Amino acid sequence: MSVLAPRRSTLPGFGLTMGLTLTWLSLIVLIPLAGLFVRSTDLSLVQFWDIVTSRRTLSALKISFGLSFAAACVNLVMGTIVVWALVRYRFPGRRLFDAIVDVPFALPTAVAGVALTALFAQKGWLGAPLAAAGIKVAFTPLGIFIAMIFIGIPFVVRTVQPVLIDLDPEIEEAAASLGASRWHIVTKVILPSLTPALLTGFALAFARAVGEYGSVIFIAGNLPNVSEIAPLLIVIRLSEFRYADATAIAVVMLVVAFVIIFAVNRLQRWAQAQAST
Amino acid sequence: MSIEMTLQRTPDTSARSLAESAARRDPRAEPTVVRYAIITLAVGFLSIFVVLPLVVVFVEAFGKGIAAYFSALADPEAWSAIRLTLGVAAVSVGTNLVFGLAAAWAIAKFDFPGKTFLITLIDLPFSVSPVISGLVFVLLFGAQGFFGPWLQAHDLQILFAFPGIALATIFVTFPFVARALIPLMQEQGTQEEEAAISLGASGLQTFFRVTLPNIKWGVLYGVLLCNARAMGEFGAVSVVSGHVRGETNTMPLLVEILYNEYQMVASFAIASLLAMLALITLIAKTILERNIDGDMPHDD
Amino acid sequence: MTIEARGVVKTFGAFKALDGVDLKVANGELLALLGPSGSGKTTLLRIIAGLEWPDAGEILFDGENALDRGARERHVGFVFQHYALFRHMSVFENVAFGLRVQPRRIRKSEAQIRARVKELLDLVQLDWLADRYPSQLSGGQRQRIALARALAIEPRILLLDEPFGALDAKVRKELRQWLRTLHHSINVTSIFVTHDQEEALEVAHRVVVMDKGRIEQVGSPGDVYDSPATAFVHGFIGESIMLPVEVTGGAVHLNGRPLDIVAEGVAPGASTLFVRRHDMLVGPADSGTLHGAVTHVRSFGPVQRAEIALTEGSTIEIDAPRDRDLRIGDRVGLKPRHYRIFAGG
């Protein structure tokens, strides 16, 4: 038996299922991802640095990370408001709105992309009035920002919702009985207990927006250095057969994504430790 | 953690609602003005960012009438995309179902060191950009890839063909079934299986007669979400497909091509099919979540 | 069938669940494993069933090594603490399960299976519940179905993990008697685990008292109650008064004052005096060997419970007959009728 195997167990099948899991995981996920990192070692450090710091790459990374961060901030604020309304208030259509929060998850990204573009194009339902006000959304960085907000909506809502539901009402009642104002209770009692979930949702929305492709490229305009996101630049480099460039950009994005997962895991462990005290 | 939809199950808010509406002068209620402002903001935000995009898909699709809609769908290219999408989804769901059941059995029913790390590895595809998910297979199987020369020498085509599209899709949908089952099976524990074994059942009898009936809704849930993502995947598939018309275009890829050719009705007609898939998935998901809650053990 | 455990050791990480357990169970016996949670009693039961494997030691069934065989081949009926009924199967199918999964060559016919299940449901007096599902049953009903399911495979040994643990007080009492009667009629070697001494003393032929992975005492209910072998058993079974005393050369001192009792065979040094509450006799202030004042009296049932502040410094609770008139403030003298002294503080 392998090192991983538990002591002799009543239930059968550990060796078989664990073997299958590790084999399949390696073949589909680990080896292909490792291949990417191996491939990146074909480049010298100088070459790698040159690719990553070239004007076009740097702009693409800045656009992806900067706009993702901004969109995640919007999701943090709006997500909190949406969660509050869904959990604490009754209003007509509440259950329906609760259900459609998941639409950005379920809707194929290409569909979201063409739909948002149609909506915000200069003749679109929202694009036309905005254009009249002098605001151009589609085919500008603002469009990218809008698409990133769209795909990030469910993350904050769905991570915070269960925590807000499970929040012990007695805590608020105790605070109220001690004479705290509603504003104080919300900002000093409730929001702090939601903080770990809020940060987790924020990080997940941010990570998703950074890697997003389908829902962004239609509305982005894709002008180099202006509205070209990093994933699109990878695709462009691939179509030019500049594999090294594509690999280098991918490595940067992956490393950032892994750092975010790590941070989220730590955050959740920390939150659990807090909750259990 | 879970980065995808899905794994974040919609919590049920109804229980608290009664208690809340009953207490008028609840110390836990905000002033009416604030309440209305929050509701308006929430509803307005969701309407603009979620409802309108959904509506616009169907309005555009039917913009030139029902006949134009159906003739767009009747196009051979559309049919080829639909067939390819269904085939890719079937392969991805099938393989990830087997993997997910095996992984969930090993992880949920046994104790071993490194379990949390293994779950993190299984989750990995959720945090990888779709484009990179495609790129890794290009680096393996492309002309300049690790296995490229060998594949060419043996006249095997993986990239820009069905196997490549399927592989990329399997990658992005990899965690769905396992992640739907692991928490459910952990919650259910091992007592029923132990009881079955002590009553003389074999491993397979135990799995098929005791475990599987207990997790059937969870399995369906995972399959549903896996399928939705498999059919809708765009970025990863776009990188490995090669966009051979009538051959390697899945439905989402066809949406893009038709859109870029300004064939709006055709593009949105295909998009509307995918949007319907999403809506059906969401409805089924809500129903399944209720059933899964029933399968969760309760203390009584 | 006889069961024998020899030197059984089991650790979970750093926790020693069983620390060298030796035990013999006679054929047809009804044995209770009694101890606080964490004493290792459930672990021992699961090792006998083949649901856990010891790190060291042997388990013998009728003198034959049982560790060669997994749970599936041991033919042990196991009743789980939370019943572990198959939630998606009807009561009938739950009981029939063990018969249906038998290898084809020895499997009974459908008619035989039906007859056997009916017979078992009659035995546990729940034949009218055959079509229900576990979630529709009360705790006591689930318990009995779990037992019927375990009996279906005609086990050579019946093991019950906290059989009444999850039930409310009234149902527990009914089921205790029922289990005793049932064991009498099926006469299968049976072991049940409990943390409830009353349950163990009332139901079992012999009681095994366990603590911290070791067996403290094995004996009849009378033995473990009347002649506890260790301080732990005395403290765990029945309600005892415990006083810290000093033993020097056969004499016993409480806070430096000599007591009129003897400590035979107890090593000199810090020790503990154990007296059952009802074995502490109350007399006038000038009688007895311990003295104090009544600070609290409660009367219920056949006794009255008095709290007495000893002049020697401790406060104890005693049970006195109700006809003995005790009032708060009374000064009394006390004398233990039976007592035990165990070395150690």
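Think of it as A, B and C in the order they're written, each chain with its own count starting at 1.
Just so we're on the same page, a residue touches a chain if its C-beta (ideal position, glycine included) is under 8 Å from a C-beta of that chain, and two chains touch if they have at least 3 such contacts.
All figures in this text were calculated on a predicted structure; none of them were measured in a lab.
K.L.:
Greatest Cα-centroid separation from subunit A: which chain?
P.N.:
Chain centre farthest from subunit A's centre: C.
K.L.:
If I average the C-alpha coordinates per chain and also across every protein chain shown, which chain's average lies closest to the global one?
P.N.:
Chain B is the most central one.
K.L.:
Per the centroid of Cα atoms for each chain, what is the distance between subunit A and subunit B, given in Å?
P.N.:
Taking the average C-alpha coordinate of subunit A and of subunit B, the gap between them is 16 Å.
K.L.:
CA centre of subunit A versus CA centre of subunit C: separation in Å?
P.N.:
Centre-to-centre distance between subunit A and subunit C: 55 Å.
K.L.:
In whole angstrom, what separates the CA-based centres of subunit B and subunit C?
P.N.:
Subunit B and subunit C have C-alpha centres separated by 52 Å.
K.L.:
Mind pulling the subunit B residues that touch 2 or more other chains?
P.N.:
194, 197, 202
K.L.:
For subunit A, which residues are shared contacts with two or more other chains?
P.N.:
Residues 9-10 of subunit A touch two or more partner chains.
K.L.:
List, in ascending order, every residue of subunit C touching at least 2 other chains.
P.N.:
In subunit C, the residues touching two or more other chains are 50-51, 70-71.
K.L.:
Which of the residues in subunit C come into contact with subunit A in the complex?
P.N.:
50-53, 70-71
K.L.:
What residues on subunit A touch subunit B, complex-wise?
P.N.:
Against subunit B, subunit A makes touches at 4-6, 9-14, 16-18, 20-21, 24-25, 28-33, 35-36, 39, 78, 81-82, 84-91, 93, 97-116, 118-119, 124-126, 146, 149-150, 153-155, 158-159, 161-162, 165, 169, 172-173, 176-177, 182, 186, 200, 204, 207-208, 210-214, 218, 231-232, 234-235, 238, 241, 243, 246-247, 250, 253-254, 257-258, 260-261, 264-265, 268.
K.L.:
Spell out the residues on subunit A that touch subunit C in their complex, using ranges where they run on.
P.N.:
7-10
K.L.:
Report the residues of subunit B in contact with subunit A in the complex, numbered from low to high.
P.N.:
Going through subunit B, the ones touching subunit A are 1, 3-6, 8, 10-11, 13, 16-17, 20-21, 27-31, 35, 38-39, 41-43, 45-46, 48-54, 56-57, 60, 95, 98-99, 101-103, 105-107, 109-114, 118, 120-125, 127-132, 135-140, 142, 144, 146, 167, 170-171, 174, 190, 193-194, 197, 202-203, 206-207, 228, 231-235, 238-239, 251-253, 255-256, 259, 267-268, 271, 274-275, 277-279, 281-282, 285-286.
K.L.:
Across the complex, what residues on subunit C touch subunit B?
P.N.:
Where subunit C meets subunit B, its residues are 49-51, 70-72, 74-78, 80, 82, 84-89, 97-98, 101-102, 139, 149-150, 152-153.
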